[in-house]
Each structure stands twice: as structure tokens, then as C-alpha cells.
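These are the structures, in C-alpha cells.
Both complexes below contain chain A, partnered by chain B and then by chain C.
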Partner chain A sequence: MAQVGTRRLEGVGGIAGARSRPRGRPFRKLDDSRFFPLVLLLPILIFFLIWNVVPLLWLVGLSFYRYDLTSPEPARWLGLDNFTAIYNDAQVWGALGRTLSFMFFSVGLQTVLGVVLGLLFWGSSRMPGRRLALTLLFAPMLLPPIAIGSYWRLIYDPIFGVLNYYAREIFGQRYDFLGSKDYAFPAAVAVDVWMWTPFMILMTLAALASVPKAELEAAEVDRLPWLKRLWYVVLPHGKFILMLGILLRTIDAFKTTDMIFVMTKGGPGVKTELIGLTVWRRGFASFSMGAASALAVIALLIAIAFTSIYLYVLNYRETRGQFR
Partner chain B sequence: MAEIRVQGLRKEFGALVALDDVSFSFPESRVTCLLGPSGCGKTTLMRIIAGLERATRGDVYFGGQRVTHLPPRKRNIGMVFQYPVVYRGISVAENIELPLKSEKLSKAERTARVAEVVEILGLGDHVAKDITQLDNGTRQKVAVARAVARQPRIILFDEPITNVDANAKLQLKRAFKELTRRLEQTIIYVTHDQTEAMTLADQIALMQDGRIVQCDAPRELYNHPSDVFGGWFLGNPGMVFVDGTLSANGSGTVVTAPLFPAPVPTAGGASDEPATAVTVGIRPEHIRVATGDAPGAVAADLLRKSITVGRQYLLSLRVGDVAFKAKVTPQVGESLPARGAVWVTLPPERVTLFAPNGNRVDATLTQPR
Partner chain C sequence: MNATARIRQGLYYAVLWGIAIVFFLPVLWVILAALKTKKQIIAKTPVWFFEPTLDNLQRVIERENFWKYLRMSVFLSLGGVMIALVVSFLAAYCFSRYKPRGTNFLMFLLLSVRMVPAAAVVVPVYLMYAAFGWKDTFLGMVLFYAMFSIPFSLWILKGFLDGVSLRYDETALVNGGSRLHIIFRVVLPQVKPGLVAAFIFNIIFVWNEFLFNYIIGGKSVTMVPVQLQAGVNSGGSADWGYIAGLSTIYMIPPILAIYAFQKYLLVGMTFGTVRGEV
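After this line comes the complex of A and B, so read on.
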């Protein structure tokens, strides 16, 4: 009897109240059942199973086989051969290195710019047209990367690109941004920064919104200089959301493929070939599905590793009592 | 240390008038409590004084200086908020010291100031602790310490002990008492808790609907509320109000009310006015209740007797169709029956008269001859 009582109490007030109403409600049995949450989750779980888990297992399986779409042979078991081949492949290491530096520069710049712009937006709550400016700023984030890649290929175009118009006006010469071995990589980073800085602004604004008003007011009354305010008041509350933003951006930057694909296809040479493009090249240009799968598995493991590091850091801070 | 003066202060939030042309002076080096029910504008008034809120109209002066348009950081005030605000990631001592670092103070001076407030607030055991190890009550103490260590001329408290547990409340109250005795800063303390106001304040400014209705020393305010609201809001339960009539009877004026066996003469009332309605107010604990008749007593029905704080008894009584409450000592309470007939006396010197508009009438009752 007592147990029934406590179980009732566990419910949220409103729901508990509704439950005690007289019977005759449809789904009452289902509603009370502890399988109810499971039933609600089932559609998405099925979706997840079919579209995520099964292909993933398929991918992992394929990575142990030689399976070339160009040869009539059936798939042949290779064991770890695909992985050892990758280990010895300088091209893969090169692509990994480029991917890491792409992540470092683009996420780093996005974070710095996002935080600075976020702070400026936060501090200018009475600026006229602030809402419009924010909306415009978020536009790149809402466009598909393919579209963004296409726009920027045109903007960077050496003959009729708008950027080169100004380059010629100012410096008196044209630059083949995407075709030059010096500029292609920074140009790709710049597009990613252009696209994703708004996201970091958004995360910064969310982080700032999580700072209790009273603490900011106390800091104002206590006459703390702004740097100390950021450090002692804003950062302790906002850093979780900010970290989450950086985490999401890092994982996303790691798998950047489509935008680069449209702009340079990894060129010139391999100057902008990130790991996602290498996987694509192995799979759909050379049709070596087994080798491509193995590379994809490695990429997946790296992404999981990044996620784990961040989650560990978040968790570590939290258990040290920052949220208590 | 400065007097705080507000002049014609008005604050509107849309259609809501939070402050209705308040002009008031908070005396230097005293503790003034802003007391009133939720939504009466007391916090708004304090936030405007702090500079955290901008008045729709009116001015704020600290001493002779007009500060209406200064931001909070330029007003040199200390403030303690309803929720304990502490800076994270640093120890208690560093928390208290942090605002001092922006002042031009030597390291020795800073340490001395921190040591002083730590001692007053009894934070000695906690100085080296990280802020996250503390409960809410202690955090609030840290917030108080930080506000006073800078020695601003004005300190504002915004319901500082509402959100701490009962035990910490007592401790904090004691610490405040000690603080206000030692520091001679001008202090404004906002609260909706009358006990808190009664114990801490040098004077209480009672607020209602965006106005300060009365400002007096706690005892004075309690015993002589200047209008019905003060009588009703203060005390637990508040004043008993009974309708009566003020009328002339040849030699002077008398008050007639159901709780008086005969008309009671007044002192100070004019004798030639026509009869007017008055409200007879008395504190429940001033009503005398006995089992036997006495001069000036009326017969009453005791409906309910319940025990309350300090083992006092709260009585529900009725005379005719007038129902009211009285509070009596444990001895008297025990001597009374659980219900039944009793005799009730309203000592004339304890009665306050109010006009129909709620203001106190300048006439006191005297003993019937």
C-alpha cells in the first residue's frame, strides 16, 4: 500500500492529479503501464535501428572484406588487411592531418569570432535592428552546405567572382583562391567559418542567457571590471553550453565533405582533401567498398574518441560541483 | 554614509504602477526596513535606489548628490540579493576580497577588512573552503560579507534571508544585528516578513500599492498604525476591526460599538460634529477575555480556542453578529472553557479609531466615568 503511494507521488503534480480523476478515460491502462514510455519511443527506435544500426553493422562487416564494384569476384574475407593497408597509406595520413588542422582552424576561429560577436550582441540589447541583424547573421547556417559550396565557388571564381573584382580594385591583381596551393585550404576554412560562426554566436547567446541576472547585477554593484565579470560570473555558468557548442562543431568539422566537394573536390592536388573526401574517393571513384568502409570505421572511431573526451571533460567539471 | 532621498519617484511597468510618486528620506546611519506585502513596490524602490532599475520619473539623491542617472557601479553601494550570489571557482576569502581588488587598497588593508567581516559574520571556519562546499545560508553570509567589506556608504538588502533554511535564518538575523550595530552605514532592508522588520529595523517604512503609508519606529508603527492597512498587515493575526459610530453627546463625543456595553467618551474629538461612522481597531492581544463580568465588559460567545506561538491561545469570539479574534496568555487561555459564554473587555486606551477612508482619527478613547 505504502509503495503504491510513493509511486503515485513520483509523478509530476499535474499528471498525478489527472490520474486520480474518476475512471472512464481511454488509454488509462496503457497510460499507467510502465511500458508506455517505451511505446512512445518505439517509432524512433525502429527508425534508428533500420537507418543507423543496420548500416553501421554492414559497414563494419564490409571493412573486413575485399569488395570491389569493378570486379566480378564475390566479396573475399581479408581480416585486418584493409586496416593495415590504411596504416601504411601516406595519403590517408595526409588527409587525416589536413582534417585535424581544418578542424583546429575553423572551429578555433568560429569560437573566437562567435564568442566576441555573441558578447557584442548581448551587450547591445537596445540596439535598433538587432533582431534583423541576428536573423541575417543566421542565414548561412540555414543553407545546405552544397548550396554554400556553390555560392562560394562563384564568389571565389578567378574570372568573374565578386571577390576577385575587389582584389583587382585594391591589389591590382586576381587570385585563383580555390585553384592555388597556397590559398585553397585557407579559403575552405574561411567558408566554414562564414557558415558556422553564427552557430557559435547562438551558443554564446544561450550560454550568456544561462547566467542568473542577480549575479550580473551583483557584479555590477560590486564594481568588478568586465574581464573579471566574464571570468567569475559568466564563464562558470556559460561554459557548459559553450563547450557543447565546440563539441558539436568539432564533430561536424571532422566530417565536412559536401561543401569542399562542391568547391574543390579536394584539389588542387590533395590540398583540400579531408578524410571524408578520401572515403568518398575510395568508395565511389575507385569503387573499393571494403577499403572505403575500413577508412569510414576509422573515421567513426576518431569521432567517437572526440565525443568521449568532451563528455568526459563536461562530466568531470560537473561532478566537481559546478552545477550544485 | 549618507542619507538617501527619493523625490517624486514613479515607476510604471506598462499599465502597472509599481511606485506611485514616492518622496521619502532614509536617514543616515540607520536601518530602515521597507515592509509590505508582495507586489507593493518595495523591491522596485530598492532597485531604483541601487540603479538596477530606471525610474519612469523622479530623482534619487545620496547625501546632496543626485545619482538618478548613475549606473550602479558609480553609486558606491553594497547590495545583498534574495538568492545568495557568490563567485564560483574561488574560496570564501577570495570571494570577499574580489571587489576590494578594484579599489585602491593595499594588500594589508584588504586582508584586514576581510578578517574583520569574517569575524563579525562568524565565517572563520569557512574562509579557505571552496564556494561549492557551502550551503545556502553560509553562501548568503559570504554575499553579505562581500557587500560590507568594501565599506560602501549605503548597503541594500533585498529579502536576504527568504531563501535560507530556518536555522540559518536565525544565525543571519543575529549577524545582521551585530553588523548594523558595528557599521554605521545607511541600510535599507526589504522584507515582507514583519518579525524580521521588527527585530532589525531602527524604523520601518510600511508600503502599500506603490506608496509609503507610514514610517515609524517598529513599536510605534505596531501600536499606532496611521491607517487600517498598517493595523491589518502587522501582527499575527492583524488588528480586530469593528464598525462603530462617533457622535456628540452634550459635553463631548462618544463612540458606540457592539463591543462596548455603553458609549465610550473620547478625548480630542470635537463635540458639535454630526454622528460619523468610525472603525474601532484593537490588537487581538490587547483584548481582555474572562469568565466573569467586569466593568466595561460585554458578553461574548467563545467559538474556538487554539494554541499558538509561545503557548498563547488564539480565541475565536462573537458578540451579536460581530466575529473577531483575540490572543491571550497561557494562564488566561487555560482558565477559559473550550467554548461557551465569556466576557470581553476592550481597554479604551488600547483602541485606535479610523475614519471610513482608512486614516487614523485623531481622537483617543478615555475610561468611562
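After this line comes the complex of A and C, so read on.
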């Protein structure tokens, strides 16, 4: 009897438990039934259906319609017109290009800075007050992006901003960081770099922790030069986690909306308008839901592509990685 | 250890501490602003040393609806994450033990949707909520946040459950334990770290969430970030003392959480896909 239960457990679907157990108690009947796995899945399927499938279908459906919340007209079928309109829309391409360069610069800088500082923090395990220091270091990435945006409005302020004071001390002039065409974009990138470099430090530390101690000791014994040690011993083990970190940051940088929204609202002009903000504006400033949906579908496809790459690398690490 | 080595080590630690403080400086500046008078905040020469005043904090607390918004932040994040944990623990157990067809695909889809820019997801969710009359209701908001927290909870719990040997389930089954007994008494205690990590980090994510609360929420379910945004974008000259005070109060819980649960930081920030400690 017991063996039957054991064997069935490892099978795929059904899990009829032992038949001879006392019946009558309500839960027994349920958890002996073949439907038990389905019962476990039911809540998540309901959530998935209502909050993912329905909005997704709604979104895709709507992207073929003209549907303005401001006009009394009912939704009108447009076919692919929304998409061709986006294709011909310089503003959308501009926002996409800006988002890509935002991702490139901020993720690139974060990675370089994060790896360098992560290596610096490598030997810190016995540092006094390490936990507090790391709390201060990691705080930026876990504070509300809305709050982050408002801090930097205060810090960047052209009149009483603290940064401007020191800029004037050093360079002899004031800068309107968020209001000027030349500086607004780099200023936004700088905030993102500040906020997320700690994340890349975290990933670098994780990558370093994944290097087997024995190999590091062997390198020590062989007196391998420092750079060679990194290249031949650390990198082969650490590259997967580092790669995952870069990909997660790429996905996340693509999403950046809140921080920009509160800091510049995309301005001056469209200098800091990223794609998330464009979708938001189409939807909730001009209320043309059809056009916004079409744009959202494109954003969705891009996000799915990124996630696929991420999971591919994750899977690769798990099936073929040298560690774990 | 000789003297030079000790000095070198001391210097090294000092540099690390310096880096940590530099990263915290902008946050510190806001905390300082919360303790300054209005004149000191907008002084042309930055004021670093001053006699702290609690006026701003007091003003924040006494502002109409402050407690209401804060309570909403607490209820929505706790409620949403609790629901998400129950739902995703059951699902993760099923995925891990019975491996139904489509497991990987469903987990992939859930994670992808979580990775889409919020602004893109909010369009259909807004239309759905408006059509069903769920806008500005507590239930609508809390269930949305549950969905918001499910992908991450599912990924992290599935990872932890896969690490719990099937032998436990078998032994309990052989000894006559019921399925529910196995799930909640035998397996659950072993994935406690996963539950804690999912709980803490999802709470922080919901706590910080702005866009959905702004669009599909309303007067009765407003959380603090929406209020903060209103303060900053109020036009004219923003009341920086109030904004600094409000965000200082609001960021205390996340900072305490980072301190207390630092070992879960890695798993938390990678949505449960990378495990380990730093």
C-alpha cells in the first residue's frame, strides 16, 4: 500500500493516495482525489485568468480599434491602422531611441561601476559594521522611485540645489540640470546610475561568491597575477550571475517611468521622455486608448523578448553551468 | 598581524565605508531637509550643520488624511502580499511535485507580464476596472497587488520547494499523513526562508508602487507615493519641507527591512531566480 503511494507521487498527474485510509473527514476525500493538484492550482489560475488573460486580450483587441475616452463615439475597427500610425510616428521612434540609449548608458555605467566596486567589496566580510554600511549602500534601490525623483528635484534645483552650489564653486556657473536641453538626459541617467549601481555591486558579490574556494586557493598557490586570476578563475564561474544581473537591469531600465515622471515629466520638450511615459501619455493624457494599446502591445513584445533571453541564460546556467 | 598590515586594512575598510556613505548622501540630504526650516532648505549656501526642528515632521503627521494614506499603504501591501503568498505557495507546491504540463510556460508568462513597463499594463487594467466598477475599491486594489506579487512569490517558492527532497513527502505519506498535513506541516516549515524573502520584498515593491495606485486607485485607496507625487507636482513652489518630511517617514520601513533581512537581498532583487547570500 505504502509503495503504491510512493510510486504514484513521483508520477506526473494523478495522486490517488492510499485507499484504505479512514473516510469521512472532509479534507481526506479532497486530498485523496485525482483533482487535488488542480485544487492547488485553482487560485493561481483564477488570478491568471482575471488579471493577466483578460487584460491581455483586452489590450490586443483594443489595439485594432479607434477608441477615445474623450469622444462619445463607440469604438471603431481600424485593423492595423494604429500600428502603421506608430510606425510613421517620429515621436514614438524618438522615445524608443531615447529609451534604448537610456538603457545603454545607464546599464553600461552601472555595470562598470558595480563590477569595480563589487571587486573592491570582495574582501569585506570581516569589516566592522558591514551590515550597516551595506544597508546604506543598498538603500537607493529599495526606496520608492517617486521619492527618489523628488529628492533629485531638490538636489538638482537650479536656485537652491546643493549640486548647483558646488558646481558654481568648482566651475563658476550654475546649471539648470533638469531644465536644460543638454543636461536633462544625462542628469536622468545619472540618477538611474546612482540608484542601481548598488544592484550591480550586489550581483558582482554574488558572482564572486559563486567561485569555488579551492580554485581561488590554487591560483594563490600558483601565484597567478591578479588580472589573470580574474580572467581565468573568477570570470568563468562568475559570468552567468553577472550576465543575469545585466539582463535584469536592462529589463528594468526599459520600464523606468515613475522616477522620470516625478522628476521631469519627460521634459524639457521630449528630452527625457522614455517609452513608458509615452504610453502613459497616450493613454491618460490624450485618452486615445486604441493608440495607447497598440503601443503597449509593442512594449509587451519587447518585454517578453527580454524575459525570454533572461530565462534562456538562467536555464543555460542551470543545465550546463559548472557550479550549483 | 603587523602594524603596516593593520593600517592597510583600516584604510581599506575606511574606503568601503566612504563608498557606502557617498551612495547614501542624497538620501541623507533629504533626511536633513526634513529637519530644517524652510529658509534653511532653500538657502543658496547649503546648510550642513544646524539645529534640527521637528516642525516638518509634525506638519506631515498633522496634515489631513496622512494616517489614512499611511494605513492604506500598510493594508494594501500586507493584504496583497499575504494573498499572493498563499496562492503562489499552493501553486508552487503543485508545480514542484506534480509537474503538470505547461508549468514552465505559465511561469514564463507570469514573469514576462511582470517585466512589462507598468504604463503599458495599466491601460487595459484601467479599462477593465472601469468597466467592472472595481476602480477605487479596496478589494480591486488589494487583488491587483496580489497579482503584482504572485510572479515573484511563485518563482522564489518554486525554487525553494524544488530544493526540498521528495523523500519528506514520501516518508510522511507512508506514515499516514494526509496531503494537507504534508504540505503545511512537513514541507512548509522547510521553505520558511523563501516565504520570508517573498514576503519582505513584495511588501517593499507594493509599498513603493505608484502608477497603478494613481490610475486604478482613487480617493479611498490612495497610498503615500501618490500623495508625494501630488506634493511635488503641485505647481508653483513645492513645499519641500513637507515633501522631505513625508518621504523621510515613508522610507523608514524599507531601510529597516534592508538592515534586518539583508541576507535575502539577492534573492529578493532577482525575483527569486538567483539564490545566495552576500
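We take it that the second predicted complex is superposed on the first by the 250 of 324 C-alpha atoms of A that agree within 3 Å, B and C clash if a C-alpha of one lies under 4 Å from a C-alpha of the other, contacts with A are read in each partner's own complex, and residues count from 1 in each chain.
To be clear about the criterion, contacts are C-beta pairs under 8 Å (C-beta built on N, C-alpha and C of every residue); 3 or more make two chains touch, one makes a residue touch a chain.
Just so it is clear, the model here is predicted, and its values are computed rather than measured.
K.L.:
Kindly classify A:Leu224 by the partners it touches after superposition: chain B alone (first), chain C alone (second), both, or neither?
P.N.:
first
K.L.:
So in the superposed three-chain picture, is A:Phe35 touching just chain B, just chain C, both, or none of them (first/second/both/neither)?
P.N.:
It touches nothing on chain B or chain C.
K.L.:
Once the shared chain is lined up, is A:Met127 touching chain B (first), chain C (second), both, or neither of them?
P.N.:
In the superposition, A:Met127 touches chain C alone.
K.L.:
Determine, under the contact definition given at the top, whether A:Val233 touches first (chain B), second (chain C), both, or neither.
P.N.:
A:Val233 sits against chain B, while chain C stays out of touch.
K.L.:
With both structures fitted on chain A, tell me whether chain B or chain C touches more of chain A's residues.
P.N.:
Between chain B and chain C, the winner on chain A residue contacts is C.
K.L.:
A:Trp77 in the overlay: touching chain B, chain C, both, or neither? Say first, second, both or neither.
P.N.:
neither
K.L.:
Which chain A residues are contacted by chain C in one complex and by chain B in the other?
P.N.:
none
K.L.:
Going by the contact rule set out above, which residues of chain B touch chain A in the complex?
P.N.:
Its residues touching chain A are 50, 52, 71-73, 77-79, 81-83, 85, 87-90, 98-99, 102-103, 130, 132-133, 143, 146-147, 150.
K.L.:
Which stretch or stretches of chain C touch chain A in the complex?
P.N.:
12-13, 15-17, 19-21, 23-24, 26-27, 29-30, 33, 41-46, 86-88, 90-91, 93-94, 97-101, 106, 108-113, 115-128, 143-144, 146-147, 150, 154, 166, 169-170, 173-174, 176, 178-180, 204, 207-208, 210-211, 215, 225, 228-229, 231-233, 238, 240, 243-244, 247, 250-251, 254-255, 257-259, 262, 265-266, 269-271, 273-274, 276-278
K.L.:
For a test of understanding, state which residues of chain A touch chain B in their complex under the given definition.
P.N.:
212, 214-215, 217-225, 228, 232-233, 236-237, 320-322, 324
K.L.:
Going by the contact rule set out above, which residues of chain A touch chain C in the complex?
P.N.:
2, 5-6, 9-10, 12-13, 15, 17-18, 21, 27-28, 31-32, 36-37, 40-41, 43-44, 47-48, 51-52, 54-56, 58-59, 62, 117, 120-121, 123-124, 127-129, 131-147, 149-155, 159-160, 162, 165-166, 194, 197-199, 202-203, 205-206, 209-210, 241, 244-245, 248, 251, 254-255, 257-258, 261-262, 265, 275-277, 279-280, 283-284, 289, 292-293, 295-297, 299-300, 303-304, 306-308, 310-311, 314
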